[in-house]
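In what comes next, subunit A is part of two complexes: it sits with subunit B in the first one and with subunit C in the second one.
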Partner chain A sequence: MTNSQFRLTAAVAEQSPVVTATGDIDLANVGEFGDTLTKAAAQSDSITVDLSEVSYCDSTAVRALFAVAATTKLALIVPAEGPITTLLGISGLDRVATVVTRN
Partner chain B sequence: MSPVHFQPTQHPQLLALLHRILERIQSDLYEAVGLAITIHDRRRDEHASVIAALGVGSELVGAQLSGLGGPVADALAYQVPVLSLDLWTDDRWPQLTLDAVSERAPHHTDDLEQLHGEAAVPGVWADDATVAVSCTLSQPASAATVASLITYEQLVSAALITTAAENATAIEDIITVLQSRGAIEQAKGALMGLVRCDAEYAWRMLRRASQEFNVKLRELSVALVEHVSGARPSSPTPEHR
Partner chain C sequence: MTTVSGAHRGVPDPLQIRVPAIPASLAVIRARLRRWLPTAAVNPATAAELLLAVGEAASNAVEHATRGARRDVELEVSARATETGLAVTIKDNGRWHAPPNRPGTRGHGSKLMTALVDTVTITPTPDGTTVEMRKELHP
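Right after this comes the complex of A and B.
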């Protein structure tokens, strides 16, 4: 197990690849987040990004998610409320990605 | 202490460049009905204003900023990209209706009636000075619309920053970046026309060909556009190159 903040679970059979993010996503590590998303998108036409354990994310993460959604079907797992859910609503990313709420 | 204050509207060359960038976006996003670059310089305590526009861009953003709200107003306020599938029915801006905007721009009702989606991408070009690049479409906006604007926003912000720094040579470098980035979008468009497929399929074809032949996507795109059009991918500065 690595201690990376962004873990990629490869596609298995019918299951699309899953990127699981934890901690904060901001300018300091958004490059790594974007790279992981790109890697996942290269494996499949649809990916799932689990943001339920993310403590903070800003607009740089929203940009990275829009960028990957431009070429890949995107599903997001988010907490019921919090900064991430608010950002999804303001940006309208929730209208082009499938959003699943996890309590 | 602040130096003599930079005002984008006093730089005709910058405005001309921004206009060329909008033309470039329009050729990438052919469902575009209106495009605009809006700045908000809080240091001068000014309201946000449109400094370059095409189509109904100026009227539409003007209406949003006059109090109706909308993607551009929110992108500037929250500094996050904003997408709307259909402006007139979006629950985030109940006041932004076809009637309300038509009232403010009575000569553009025909164009406004065609509108569906909009995307706006913000950037920062100085402390407390922001910009938003926005595009209104005759179709719902998609993540691809936002992704495309993100690329151009970087260019617009860079143009503002470098002009503010009075460093004219850097603008040439930025245009070179635009050329190579634009090639991929052009190649996608060319494939869509050739094979009659959608953007997603064209993108997959390009990516697969790039992997299969071990060629960089960018180089492949340039070659494809040259092959299809018999010309080099269009450059925003044809007179210099």
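Right after this comes the complex of A and C.
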């Protein structure tokens, strides 16, 4: 698994750090995803996580996001299509994070 | 790959996957399902829901069934067409651990599965756990 699947863009001026994830996130690489989130959260008290190019993610990714949301203000960018909205709704992650939909 | 069977027109050959219950197998299961679901005339939106429902069950098995198991745990995923939709079974030969129900944790796994497919039946036995899912397809 390459680092490029989870890219961290550092905070610039008033912009919070952005973690951009692509591809599939599952048990095999969620540790790396979580590490990137932790790194981003260490830079700022609010972060944005762009999941709009994520082709698959499940509860394991939600857990990593919940963990970071406990200490950091979290904004999520999610694709308009796909079951991710169901995933966020059922887990309640949409109540602790700001969710923005991208077409 | 499977050879030509006596399947009726539009009825796909059943899918059978057997993999070790390790994290790397989850991508293998998804890859096989992504190839198989279109053969079962499943549209992309429904395919994504099934992929997630199966992924949750399989991920849960990898995480929990292998804990304290006395043997190498295997995962078996099978999918077939029914008269009105699809039936998918995720079976492990590991140990069942009741999912904890804390917010934001794996306790949501079965609730999520139920939201994504029409029926979910989880049968834990001392020899492993079987999760059966049915998804109705509406043409």
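As a working rule, the second predicted complex is superposed on the first by the 100 of 103 C-alpha atoms of A that agree within 3 Å, B and C clash if a C-alpha of one lies under 4 Å from a C-alpha of the other, contacts with A are read in each partner's own complex, and residues count from 1 in each chain.
By our rule, a residue touches a chain if its C-beta (ideal position, glycine included) is under 8 Å from a C-beta of that chain, and two chains touch if they have at least 3 such contacts.
Fair warning: this is a prediction, and the values are worked out from it, not measured in the lab.
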| task | Based on the superposed arrangement, let me know which partner A:Y56 touches: subunit B (first), subunit C (second), both, or neither? | result | second
| With the two structures laid over each other on chain A, which partner does A:A40 touch: subunit B (first), subunit C (second), both, or neither? | neither
| said: For A:L74 in the superposed arrangement: first (subunit B), second (subunit C), both or neither? | reply: first
| Between subunit B (first) and subunit C (second), which does A:G82 come into contact with in this model arrangement: first, second, both, or neither? | second
| task | Could you say whether A:V18 touches subunit B, subunit C, both of them, or neither, answering first, second, both or neither? | result | neither
| query | After lining up the shared chain so the two structures overlap, which partner does A:L27 touch, if you call subunit B first and subunit C second: first, second, both or neither? | reply | second
| said: Contacts for A:L93 in the overlay, against subunit B (first) and subunit C (second): which applies, first, second, both or neither? | reply: both
| query | Of all the subunit A residues, which ones make contact with subunit B and with subunit C? | reply | 59, 62-63, 66, 87, 90-93
| Touching subunit C in the complex: which residues of subunit A? | 24, 26-28, 56, 58-60, 62-63, 66, 81-83, 86-87, 90-93
| field | Interface residues, subunit A side, partner subunit B - complex | value | 42, 45, 59, 62-63, 66-67, 69-71, 74, 87, 89-93, 95-97
| query | Tell me, which parts of subunit B touch subunit A in their complex? | reply | 71, 74, 78-85, 92, 121-122, 142-144, 146-148, 150, 200, 203-204, 207
| said: Touching residues of subunit C toward subunit A in the complex: what are they? | reply: 23-24, 26-27, 30, 45, 48-49, 51-52, 55-56, 59, 62-63, 103-106, 108-109, 111-112, 115-116
